[in-house]
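Consider the two complexes below, in which chain A is the common component and chain B and chain C are the respective partners.
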Partner chain A sequence: MDSALIPEGAKRCAFPKFMIGMAVVGAVLLWGVYAMFLCWFKGLNQTNMNDYYGFALWIWADLAVIAIGGGAFFTGLLKYIFKIDELKNIINFAVIIGFICYSSALLILAIDIGQPLRGWFIFWHANVHSMLTEVAFCLSCYFAVLTIEFIPNILENRQLNKVPFFHHLAHNMHGVMAIFAATGAFLSFFHQGSLGGVAGVMFGRPFAVREGLLIWPWTFFLFTWSAAAFGPCFTLLVTKITEAITGKKLVGDKTIHLLAKIAGWMITTYMVAKIIDTIYWATVTAPSLGFSLSHFYTNNAFYGYWILIAEILVCGVLPGILLIMKSTRENPTTRLVAIILATIGVCLNRWVMVLQIMAVPVMSFDTWALYIPSWQEVATTILPVAYGIMLIAVAYRYLPVFPQELELNKSAKAAE
Partner chain B sequence: MIQHENAHKFGMVVDLDKCTGCGSCMVSCMAENNVPFKEDETRKKDSITWMRVYKLTNGKPFPETEVVYMPRPCQHCSGLGDHGHSPCVSVCPATATDYGYDTGIVSQIYTRCFGCRYCMGACPYHARYFNWWDPKWPEGQENYLSPNVSPRMRGVVEKCSFCYHRYQLAREKGYMEEREIEENEYQTACTTACPAGAITFGDLNNPEHEVTKIVKPDPHPDPMNKNVVGKSRNPKVFRLLERLGTNTKVYYMSEREWVRKAGDNYLDGEWDKRKNHHGSSSDHG
Partner chain C sequence: MFPFCFEWAWDVGHAIFFGGLWYAVGILGAGMTFCIGKAAWDTINDDGEGHGGHH
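The block that comes next holds the complex of A and B.
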């Protein structure tokens, strides 16, 4: 039915089967859209947020998708600036994942603010001292860059590519993509960093505050570094999931191993920095403000030392080691374990840097504040996931996302 | 820092030994500032209380139990080093909250706030409140709202303004009469409502004002923590979370040591080393 749109030579499932899958995911998406409209029309009283938990599930989701979407800028930087040509086999997919993550982040922000119609005030009345201002500017600009990076891939659709203008536009855009990749890397450095700065500058919150370099707290650099380290792991994870669903090999092992190796070294070096930061904060910064480490991890029903161990050791150091060692990196099972742990790890870090900050009491007579999100919050958080699945499905079906697809599956068929 | 010679620095000191916890300050604040309330006020963490009275105990069993009530308005922080970069002001992305260098008051511009709530996260005192609902008043009560304070809409943050409208009225009167405002001309609603006289409000830059006489603020940075400015030289006076360097302009006073200790966080054994330190020039205060 839609065979004229499918890339030449590529095999895709039957159109009705595709549509059934889309309908199932679409139902979840509609559930999220319904919750989104409830929040817009009835207000944020639809959530379980409160005056202790001004930042909650959405802000975590926002930070998490931006972190795991970091694979786009970092892979782009490696491919176009550092000229690691092997990554051309995964760059399209990394860009699509980044596009999904960043558009989701912007959507979440639009739901999260109390007066959505005033969202533009952040640009118009910009406070140059606020990390959030920097986030807004860089995030918006980088989303524009991602869109530009995505366009050539869209124009390579079999039918669109027949139009000479689109064909030449796509070709020429590929030619100048290094400029956009460099711009994207620059913007990402600042918005990933300023998202870390959001927490690090809160000098009223001893759990969050960090010292730093000039105006930037250490969390600024740690967030950028972690996004570059863990983002490619999410790209690899989604690639693996897509391969499992489609039953095809989509990216060659050489590319996968290379990206996994780079991610492994990035994670390992990040973890060294993160551990130093944590030790300094726990032994110098927090005690100077009157807080011992135990204050942040005891006397409450949820936040124990387990979360620190899980983030740093289990989902940080361990995947780093698994990915830098050749034997475990090239073993599909241990590599999968590593990229799953890494993705969880960076999401856990963002959770801690948003929700635990809100939970920890600061005044000596205050109490821990725990919160459970409402269904509207959960639905709107799942909404981007459904949207992402649908966009990937459509892109995979109609666009030449994976340059190696035909070759890899031809050789697999021949081997049979 | 933009600050002229005649700048005020409004602040208050609350005598916790006088406070009975009656709640008059909270009630007067809500009435004065058109603070809305919910039909169901059982969920306290989304109730709006610009002035909130905390109940503290010394944690000892009867008969040694002691209780103190601590009224907590916005602390009107002047931030690290007293430069006006309050925890909330410096983070607001839309400049919807601002530090008045001429008054020391942290303002909130309701029509500019778009409800990101970053300021709430940054405030360790929980002094900022979000309007989770549109304000609804019982029938007829709209007629009794204060005409000097604009009610807030759903989706924006609000907080104590030190009854800034009262300052504006006093300032205008003084301007018309070509004179400076008197100490008693500008007093917050909570100060005037307190039946025990526990709250003293005034200009911390004016040595004649009672609040300054009680607090004796040290204008120099604290040698133990350069971020702290304005530490009280009165050994009975303290500020909430002073060690963070928020440099609040709300001071508290108590004869009781455990109350003063409750104002901040200390590592084990640290309080005994610090309790007798009262600013850089305490010896001549």
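The block that comes next holds the complex of A and C.
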């Protein structure tokens, strides 16, 4: 039915089967859209936020998708600026994942501001003393970069590419992609960093506050570093999931091993910095503000030392080691364990830096604020996942996302 | 925000924030203008070769 749109030589499932899958995921998407409209039309009273706890669940989702979407800027930087040509086999998919993550982040922010019709105020009535203004500027511009990086892949659709103007446009955009990739890396450095910087400058929150360099707290650099380190792991994880669902090999082992190796070294070096930062905070910063480490991890029903151990050791140090060692990196099972742990690790880090910060009591009369999100928050947090699955499914079906697909599956077929 | 808006102030904050914003928007705008313009030029002068090729 839609075979004229499918990349030449590629095999895809039957159109009715595809549509059934889309309908199932689409139902979840509609549930999220319904919750989103409830928040827009009835207001933020649909959430469980209050004056004491002002971060909804979706703020964690926002920071998490921005972090795991960091694979796009970092892979683009390696491919176009550092000229690591091997990554051409995965760059299209990294861009699509980044596009999904950043469009989701902007959607979440549109829900969070409660009155999206006034979203443009941040550009027109900008508070030039806020790191979040910088985040909004860079996030919007970087989404434009990702859209520009995604366009050539769309224009390479079998039918669109027959239109001469689109064919030339895709060709020309490929020619200057290094400029867009460099701009994207510049923007990502600042917005990833400023999201961490926001936590680090909150001197009224001893759990978050950090020393730093000039106006930038250490969390600024740690957030950028972690996005570059863990983002490629999410790219590898989604690639693995897509391969499992389609039953095809889509990216060659050489590319996978290379990206995993780079991610492994980035994670390991990041973890060294993160451990030093945590030790200094626990032994110097927090005590100087009148708090001991145990204050942040005891006397409540949820946040214990387990979260610190899980984030730093289990989901940080362990995947780093698994990915830098050749034997475990090239073993599909241990590599999969490593990239799953790494993805959980960066999401856990953002959880701690957003939600635990708000939960920890600061004043002597405060109590732990263990937040239970409303179903509307849960639905709007799941919404981007459903949207991402649908966009990946459509892109995989109609666009030449994986340049090695035909070659890898032809050789597999011949081996049978 | 632009310098002719009543809220504008000639200070370091506005210079850094909006300088950075316009710089990024300028690069993206110029890049896309070049690509679209060159694509239009190439289409007009197209000799029919090169379609369907891989980049």
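Just so it is clear, the second predicted complex is superposed on the first by the 415 of 416 C-alpha atoms of A that agree within 3 Å, B and C clash if a C-alpha of one lies under 4 Å from a C-alpha of the other, contacts with A are read in each partner's own complex, and residues count from 1 in each chain.
Operating definition for what follows: contacts are C-beta pairs under 8 Å (C-beta built on N, C-alpha and C of every residue); 3 or more make two chains touch, one makes a residue touch a chain.
The model shown is predicted, which means the values in this text are computed figures rather than measured ones.
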{"item": "Partner chain in contact with A:L289 - chain B first, chain C second, else both or neither", "value": "first"}
{"item": "First (chain B), second (chain C), both or neither touched by A:N50", "value": "first"}
{"item": "Partner chain(s) touched by A:T133 [first = chain B, second = chain C, both, neither]", "value": "both"}
{"item": "Partner chain in contact with A:V145 - chain B first, chain C second, else both or neither", "value": "second"}
{"item": "Touched partner set for A:P206, first chain B, second chain C, both or neither", "value": "first"}
{"item": "Contacts of A:I340 with chain B and chain C, given as first, second, both or neither", "value": "neither"}
{"item": "Touched partner set for A:H171, first chain B, second chain C, both or neither", "value": "second"}
{"item": "Chain B versus chain C, judged by how many residues of chain A each one touches", "value": "B"}
{"item": "Which of chain B and chain C A:H125 touches, first, second, both or neither", "value": "both"}
{"item": "Which of chain B and chain C A:F186 touches, first, second, both or neither", "value": "second"}
{"item": "Footprint overlap on chain A, where chain B in one structure and chain C in the other make contact", "value": "124-126, 129, 133"}
{"item": "Interfacial residue positions of chain B with respect to chain A in the complex", "value": "43, 45-47, 54, 56, 70, 77, 80, 85, 87, 90-96, 112-118, 120-126, 128-134, 153-157, 240-241, 243-246, 261-268, 270"}
{"item": "List of chain A residues in touch with chain C within their complex", "value": "123-126, 128-129, 133-134, 137-138, 141, 144-145, 148, 152, 156, 161-162, 164-176, 179-180, 183, 186-187, 190, 403"}
{"item": "Chain A - residues contacting chain B, complex", "value": "43-45, 49-55, 112-116, 118-119, 121-122, 124-127, 129-133, 136, 198, 201-206, 287-292, 295, 357-358, 362-366, 369"}
{"item": "Residue ranges of chain C touching chain A (in the complex, touch as defined)", "value": "1, 5, 7, 11, 13-14, 16-18, 20-21, 24-25, 27-28, 31-32, 34-36, 38-40, 42-43, 46, 50-52, 54-55"}
